[in-house]
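First chain A sits with chain B, and in the next complex the same chain sits with chain C.
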Partner chain A sequence: MRARYIAVWLAGIFIYFLIVARITLFDLVVAPIISMVAALIMGGEVVKKPYKAFSPKRWLYGLAYMLYYLLIVEPTCHLRVASMVLGLRDYRPDIVEVSFDYRTDYAIAATANSITNTPGTIVVDIDPRNKKYYVHWLEAYTRDPRVAREKIISVFDKWIKRIFED
Partner chain B sequence: MRVTGLIAAISILIVLFALAYGLVVLGISGPPAPVKLRLLGEKYLYYMINPATKYFTAESPEGVSAILWDYRGLDTLYETMVLFGAIIGAILVYREYLYSEPRKTGKIYGLSHIVRTVSKIIIWLTIIIAVAFGFTGQITPGGGFIGGAAFAVAPVLLVLVYTLGYARRLGLTHRRALLLRASFLLLLLLVIVTPLIAGGYIFQNQAKPGSAFSFPGRFIDSTPLGGSIFFLNLFELFAVAGAFTVAFILLGVIASLKEGE
Partner chain C sequence: MDLGGIVLSIIGGVIIFVGGLFDLIAALGVNRFPDFYTRLHAITIGTIGGAVYPIIGSAILVFGVPGLSLGVRLSFALPMLVIASLILITAPTGSHAVARAAYRSGLKPYRRVSEEVKK
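And now, the complex of A and B:
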């Protein structure tokens, strides 16, 4: 329980130095105090398993995923939607059920945001109890949640699991 | 109850008389009516309504408005826009309640799972940035009031995205917020009267004619502290944050009462 607060406190100090972009003795004194205020209020909520935050492997995967997502996934999706706009590609818009098997809130939110941020797919609603996203999809040629899952989430799935799941 | 009321009334009267006596007779804030204007004040008065200075006059005898809108109009405009943005943001998070049919069960569920998860991080970051505004207000833009107002985003999000009960579970209750406000307001007053106790003027920061008292101007590593400005910013931050938190918790209570009807 206490480890959660310490993890969030340390992360907050790091965030402070990112914001002010300078390191003076003054900052070294005030940063821990500032971060403590935030950690005392939100420390118990921001992370559930603090040891995960200290795993360099997860951070490296996170960084790699960011580059992969921004440099490869996003441009391909943009090109695909652009060709639909230009009439070079067929489309069939519909809302489909997509199942997921994440256990952590962050994995669920990160995948939903990854889906929404790529053109062509938007998460309209979510049913956390039955583990389903409702996704508006421009190429909804199937209504099978498992096939849809293969087509929509499999790109992000293995990355997100390595970053956020156990 | 009646006795405490009487004590409260008498103490208010005593404080009022003490302040009036101090200000007028003892001159705790310097001479009651300054004979000589400060250079900055002189410039303001000279330019705010003065047809002779064709390119500088604001054509307004009301000094504060002239400066606020004609001399630093962009600043005022941006302040207005920040407030506008804040209201738009609040409406955006509240739209579920504002523009949809009231739920029949009378229970508030908060917003979707994804919004909740992301809001956790946003609330945490907001608090860090808000408190940093207060702590570094003497060297970078921001300051106590801005920090307190930014801090207020946290209870807004907590109450609107989650529920009032969730905010309560995190320890954000109106009692605590009131206590925060009252204690930091007292500290603020303490900073204001400290130079008076040390033989100087009320609200004094650095040394003035007739009083050598100065708040520490520099930190150990010579980072400017702005003397009393550092402390005023800091205490103002938590006083304002506490005040806004009380207000938003009250709004949350009203909303949940309406929802329950």
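And now, the complex of A and C:
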């Protein structure tokens, strides 16, 4: 139970020092106190399974995913949609259903964010009961859910599962 | 200026320049795309390509500035990386909100005339 609060407390200290980018006596005193207040308010809600937050493997996967996402996925999608804007490439917009099989809210939110952050796909609604995203897709040449799933979320799927799922 | 500083400055400068191009393309896209949903894609280019990447580029550029101590460089670069991460997390939240509002209010996505005729 305490581990939840400790996870948020440590994350708060880490973010504090990233933002101030200095280590003085003042910061060494203030950072733990402010982070503790934040942890006491949010710890119970934000973290459900603290062992995940303390897993170095998940953090490493997260870092690798971030690099892969920023260096490969995003530039590719940007260039594709930029060529549509400039009239060099055709597009066929439509809203398609994309199923997912995540159990945690973090995985659902992270995948939705990843989809929306890549130009060409935007999540317009989520049906958590039937486990479906409704995605506005600029290249909806097919409405087959399996093909749409393969083209839209298979890039993120394995990474997100390793980072957030059990 | 040492070689490492020059390389970092060039990389950072190129990323910022490309970010500016993406902003221009995003502005063109908002004008050229036909409906609300497709324009959101253009806006995403402006948010990610035109804001997140230039901020990361600025962080890299700061490391190449000569005559600054490591502490000063970090005090500029690290907050920039935090800002870029925060934009990556918060920008899609806004997009989701407006896209969901449009979808639930019954706004239909644009289709080509030929596709409508086929149906």
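FYI, the second predicted complex is superposed on the first by the 163 of 166 C-alpha atoms of A that agree within 3 Å, B and C clash if a C-alpha of one lies under 4 Å from a C-alpha of the other, contacts with A are read in each partner's own complex, and residues count from 1 in each chain.
As a working rule, a contact is a pair of C-beta atoms (placed from the backbone, for glycine too) under 8 Å apart; a residue touches a chain by one contact, two chains touch by 3 or more.
On a predicted model such as this, the values are computed, not experimentally measured, just so you know.
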item	value
Superposed partners chain B and chain C on chain A - clash or fit	fit
Touching partner for A:M42 - first (chain B), second (chain C), both, neither	first
First (chain B), second (chain C), both or neither touched by A:A82	second
Partner chain in contact with A:I122 - chain B first, chain C second, else both or neither	second
Partner chain in contact with A:V98 - chain B first, chain C second, else both or neither	neither
Touching partner for A:A112 - first (chain B), second (chain C), both, neither	both
Partner chain(s) touched by A:V30 [first = chain B, second = chain C, both, neither]	first
Chain B versus chain C as contact partner of A:I15, first or second or both or neither	both
First, second, both or neither for A:A148, with chain B first and chain C second	neither
Nearest-approach distance, in Å, of chain C Cα atoms to those of chain B in the combined model	5
Chain B and chain C contact sites that coincide on chain A, given as residue numbers	15, 19-20, 112-113, 123, 125
Residue ranges of chain A in contact with chain B within the complex	8, 12, 15-16, 19-20, 24-26, 29-30, 33-35, 37-38, 41-42, 44-46, 105-106, 108-109, 112-113, 123, 125-126, 128
Chain A partner contacts - residues on chain B that touch it in the complex	112-114, 116-118, 120-121, 123-125, 127-129, 131-132, 135-136, 140, 154, 170-172, 219-221, 223
Chain A-touching residues of chain C, taken from the complex the two chains share	22, 25-26, 28-29, 32-33, 35, 37-38, 40-42, 44-45, 48-49, 56, 71, 74-79, 81-82, 88-89, 91-93, 95-96, 99-100, 102-104, 109-112, 115
For the chain A and chain C complex, residues of the former touching the latter	15, 18-22, 70, 74, 78, 81-82, 84-87, 91-95, 112-113, 116-120, 122-125, 134, 136, 138
